[in-house]
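To keep things simple, chains are lettered A, B, C, D and E as they appear, and every chain counts its residues starting from 1.
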Amino acid sequence: MLDHDNLARCALRRSEAPVAKRTTSPFLQFIAINSVGKTFAARTGSSISVLDCVDLTIAENEFVSFVGRSGCGKTTLLNIIAGLEDATQGQITIAGRPVTGPGQGQGVVFQQHALFPWLTAVDNVAFGFRKSGLNKTDRRQKAMDLLTLVGLEAAASKYPREMSGGMQQRVSIARALALDPQILLMDEPFGALDELTRIELQHELLRIWEAQRKTVVFVTHSINEALMLSDRIVLLAPNPGRIKRVFDVDLPRPRSRTEPRFNALYEEIWDELST
Amino acid sequence: MLDHDNLARCALRRSEAPVAKRTTSPFLQFIAINSVGKTFAARTGSSISVLDCVDLTIAENEFVSFVGRSGCGKTTLLNIIAGLEDATQGQITIAGRPVTGPGQGQGVVFQQHALFPWLTAVDNVAFGFRKSGLNKTDRRQKAMDLLTLVGLEAAASKYPREMSGGMQQRVSIARALALDPQILLMDEPFGALDELTRIELQHELLRIWEAQRKTVVFVTHSINEALMLSDRIVLLAPNPGRIKRVFDVDLPRPRSRTEPRFNALYEEIWDELST
Amino acid sequence: QAVETDTLNISIGPDLPFLVHIVAKEKGFFAEAGFKNVEFKTFASGNLAGEALLADQIQLWTPGNLPPVSMAHNGVPVVVLGTNAVSHGLEKIVVRADAGVENPEDLYKTKLGLLVSSTSGALLTNLAKHYGLDATKIQTVNLAPPEAMAAMANNEVQGIIFWEPFPYRAVKEQAAKIVHTGTKSFFAKNNGEDVPVSNNRTVWVASQDWVKANPNAANALVKSLLKAQAYVADPAHKDEVLKIYSDVQKQPIEMNQALIDNYIFTPKVDQAYVDDMAAIADYLQATNRIQGEKKDILTYTYTEPMKAFDPALVQIEGQWKP
Amino acid sequence: MSEILKTLRSNDLALGLIGAVAAVGVWEICARTGVVDPTLFPSPSLAISAAAQRLTAETLADNLMWSLFRVFSGFILGALAGAAIGIAAGWYRGFGTIVRPLIELLRPIPPLAWIPLAIIWFGLGEPSKLFIIFLGAFFPVVTAAYQGMRSIDPVLLRAAQTLGLDGLPLLLWVAVPATAPDLATGVRIGWGLSFGVLVAAELIAADRGLGYMIINERNTGGSVGVIIVGILLIGALNLLTDAAIGAAIKRWVGRWHGA
Amino acid sequence: MMRRFPQIAPPLIALAILLVAWELGVRYGFLKPYQFPPVSRIASGFVELSTIGFPTGVSIWSHTLTTLVRVLLGYVGALALAIPLGVVIGSFQVLDKLTAPLVVFCRSVATLSLLPLVIVWFGAGELTKVFLIGYGCFWVMLSNVIAGVRYVDPVLVRAARTFGLHGGELFRRVVLPAALPRIFAGARMALGVGFMVIVGAEMIGTIEGLGALIMEARTFYRSEITIIGMLIIGVIGFAISAGLTALERLLLPWAGNLDAVRR
């Protein structure tokens, strides 16, 4: 899928409007997004360019957030990284190997309603072990371990509809972890939760990320959330979706929203977003 | 509905666990919530106490927010003020007159999906003028004015399903304003919106509130949102729903989330909420 | 010659033409011919029996002469093996006593219930032609017998054209009167005159495929039927066969005694046979129920077995050969 | 008293029973007092006693069992074929574009119209009867299965893909269970329609069954009472079995689906 | 036009292949012509039906027209009764609960089994046919109207109440429009049922109508005419349901689809 015209065009684009970008040594190029573009065929027969010339590298163990207005292509980009959609231009590699489909070490946590409603919590998680070659009892055992990790051992035999939104999202995370993925891709995972639950889950996510040292790509609407969690924040702009700016969040964890640097960054991102 | 046993019980309750409460002169008692309680009959034949001994007075032109965990009774309390549900104990008066049903000067903005899907934006707003005695052209004219106020004059002839969530919420606000209510009751009106739209609508709401000097009762799960908007924040606690504490937000508007006082209040509310 | 199969399924109905079949079984004529397992099947309607023949679920069907004619013309491979009974007198026009039908012209004032797609339709056409009436001006309603009887009781129709036992029942239950039969007029102006307007006869029908596959069995079948028919036709046996029949069918013997004279049990393939069949074909063609050119009746009549039994019975030879 | 009323109001079943009993009562009274002509429309008690005279309990039970057997077998075939074709049409786009117009064209054709062809194709035995009932069950199920497939939340499929499923396992383990609620609705409608076409099916050379009983009574000019009892029995059978299926579906799908 | 072509093409091609295979199957004797009348015979049968008629003088158009008139009469009658009645039952929860099993029962009664009764009640004329068709339509429509009125989103009712609407006005301005999509869906289902009933209804007292045509063709072993009758019913049903969908879009531009309103 290496298309030299596209590469050249994107290189030109970059030189015209340089984006603050961390210079990355090859070691840090765990996920490499090279001049990725995506067009959809529209109903009218024409086509819509949803992503254009997206270039980004993400290091191993890094926690990166995508923020941007609704419709700017965050989900699309995440899906392309997940291998759920194909890029129409450019290419993504993970650890040097091009992404050709899902299941290459990317675990995905969706916004909501992505649990299988006909399976109990533990069976949803055990579903993630399908390809592991384990037998059924082992799968369930390991699923229970993951549920314990997210603090839900007591709700193992509940169906999704019997759980609150926060509990459902914990199960989703546990299910994604079942794949033992190198990369955790999360699409607005806490968007539908109330603030309290959301903050609890943010803490939990950070704990898991620190303990298991995954690479996390996180999509959110909330600048606050991105600032609380990530190493870097990628701001996308719409029409066509592209990277507008990348912010380094050089704050020690645990972070507090009262730190001046936190607030300065917030204002900076907000200004960039609303112009 | 003045039940002396209930009043005595609630007075005792107050004396046991005093709540930080603004001492209110009679002038400030525009909305008076007196020892209000609500029980629902449960399926099993027993009954659930959802609200108990809620006492609160709200002054004219005041902007009050209710915050609290999901299920603590915010919606129920708002519905009782709106006259959509009856309190099982206690009483609410507006400008001295007991609330007996909807349409006594309370305009309500619901969380979502409350627009009439068979009416266009302008007709939805014009619906609010039903009882005004205006003729049809005048109603539409005034509805257009309100749509202009919320910045939607261009979408006047769209049906709800053709509008984004943010646009729908603006129409809802315009429709509630059409009643020219003294009181605007809003139940998590921005809950389903993305952060950017949400912040835009918050600004718009403040602008309208300041221009038209309504009394606003606002339900939200976001402490941030409550802090950005309100004069007072009422924190409700569950089982049974009751007022845990009332916070005065003595910050000048426009507010900034970077002010230390803002953050101090945030932490204070957060601590109270999570214990 | 040995028969290819010793099993026969034969459709029968509740009326007297099946005297032949029941007698053949009860008197052992089928068994003599080598059919050890003979089973009678009854069907709710003639259509079903015809469809059963096509589906090879019965080997012998004994309908009125209309279905085989329309089948043959519409490409369904059936063959007629002979006449079971000539029943010209069986069909009758019955009207309400208060309908004021005295003469043929009075039929214009009535509405008649009948099965348009049966020989009754043909009878009405013949009748109209004979008396110089315009058949298209006589109002008819397409009704099955039970509904037609009810409709006449309600005066929704003033008359019916059906075969026995319905006229018998109508006369008994509704005090209706017979104004014409397939053979005789009871109109005021020619009361008692013989007027042949019916072409109704019941015939033995088999599927061509079955006859081709079982020529010996077909022969044997015709032989046993002819034996039974001759037995039935013999006046000396009248009481015996009526008793056999009524017992098997669990019917009141008096009714059958009253009706038996409507039937003539003769197998002959002669000019009368050809004329009756042709008249039906004409009627069907005139109403576009059959497609294309009229077919010669003899092309779907198989007379060899009958000729082998008694050459005198076959005056005109059928052309169909297995 | 008010307590009784209160429990009644919350109990759908009891209220429904009261409604049904009241309707039968009104009918009985109308027939008794001559508001409707009892010979045309006999009262329920009269109908039942007339039927009792003409039918032994044994015949009735025999008719009932045969009808139930036919409905059940025809329905199973129709539901299985409907589910399979509907699911395949929803999943494999090409197959869907080919079969859907065909199904839509055949759907409005009344089951009775199929009888001539059913007999020619399947003969007069049970297969042709089952075919007619098959049609009754097939169309609702095939539509429900197709609609269900088309409205699967894509996020479920994506979630499964990220967990390494694709192809047939994805269809079987994710798409099919996700369709189950829609399928369940279709199955119930199909079950009801199977009873609806029972009478038509038993027009085909049947010699027992409730539908046969009704039609035979008409053909032989028998008693209106028997016909009414037949109708009531089919309806009651339908109502009871539908309630049972509903309860079974609720136990299975309702556990996770809520509805 | 060009864009739509590929959508229509595959089913058309598939159909063409099927028809050719069928024709050849009959020509080469794999299929019996009276079991599977070949396409050519169906086509010539159609020409014959539209010129001479079957039986003579009753052309396919008058069969179709007769049936359409009967279906429409029964259908409109059923709608005219079911809508007001359903609105009343749906408005009172107790009424709904009282009548629920009764409605399910009556809906499940096969129209064909009513045939013997209805003949006794109304005779063998047009009324019987229209009644049978109407009966089938009525109960389906009734259940849908009841459901439509009962399951109006309570948020909408609340919203309307905050504007001071109650009683009849609330009903007229909010409950009814909100119930319309369901009512429309019911009307569409009812029409389908109306078509399902026509053969049964036309089994008695007539030789005109598509149902009668099919039964008549059966008597004379004209399986190609049976098939033509079936196909015409299929095409009409298909066309009418497409027409109703278009009408619904026109009349209820806000609805989008039922799912958008139902929650």
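Just so we're on the same page, a contact is a pair of C-beta atoms (placed from the backbone, for glycine too) under 8 Å apart; a residue touches a chain by one contact, two chains touch by 3 or more.
These numbers were taken from a predicted model, which means no experiment stands behind them.
J.: Which number of steps is the smallest that gets you from subunit D over to subunit E via touching chains?
T.: Counted as steps through touching chains, the separation is 1.
J.: Check every other chain and keep only those touching both subunit C and subunit E; list them.
T.: D
J.: Centre-to-centre on C-alpha atoms, which chain is most distant from subunit B?
T.: When every chain centre is compared against subunit B, the largest gap points to C.
J.: Consider the two chain pairs C-D and B-E; indicate the one with the greater count of contacting C-beta pairs.
T.: B-E
J.: Which whole number of Å gives the spacing of the CA centres of subunit A and subunit B?
T.: Taking the mean C-alpha position of each chain, the two centres sit 35 Å apart.
J.: For subunit C and subunit D, what's the span in angstrom between their mean Cα positions?
T.: Centre separation, subunit C to subunit D: 41 Å.
J.: Calculate how many whole Å lie between the centre of subunit A and the centre of subunit E, each centre taken as the average of the chain's C-alpha atoms.
T.: One centre to the other, that is 50 Å.
J.: Express in whole angstrom the distance between the two chain centres, defined as the mean CA positions of subunit A and subunit D.
T.: Comparing mean C-alpha positions, subunit D is 48 Å from subunit A.
J.: Give the residues of subunit E that touch two or more other chains, as numbers and ranges in rising order.
T.: 34-35, 119-120, 218
J.: Could you pull out the residues of subunit A that touch at least 2 other chains?
T.: none
J.: Name the residues of subunit D that each touch 2 or more other chains.
T.: In subunit D, 116, 120, 203, 215, 218 touch at least two other chains.
J.: Let me know each pair of chains that touch one another.
T.: The complete list of chain pairs in contact reads A-B, A-D, B-E, C-D, C-E, D-E.
J.: Can you tell me which positions in subunit C touch subunit D when the two form their complex?
T.: 42-44, 48, 51-52, 54-57, 144, 146, 149-150
J.: Write out the stretch or stretches of subunit D touching subunit E in their complex.
T.: Interface residues on the subunit D side: 9, 12, 15-20, 22-23, 40-41, 94, 97-98, 100-102, 104-117, 120-121, 151, 192, 195-200, 203, 211, 214-215, 217-218, 224, 227-228, 230-231, 234-236, 238-239, 242.
J.: Quick one: in the complex, what on subunit B touches subunit A?
T.: On the subunit B side, the touching residues are 69-70, 164, 194-197, 221-224, 257-258, 260, 263, 266-267, 273-274.
J.: Please give the residue numbers of subunit D that touch subunit C in the complex, ascending.
T.: Interface residues on the subunit D side: 116, 119-120, 122-125, 203-205, 207, 215-216, 218-221.
J.: Could you please specify the touching residues of subunit A with respect to subunit D in the complex?
T.: 79, 82-84, 101-103, 106-108, 110-111, 113-119, 127-128, 130-131, 159-161, 175-176, 178-179
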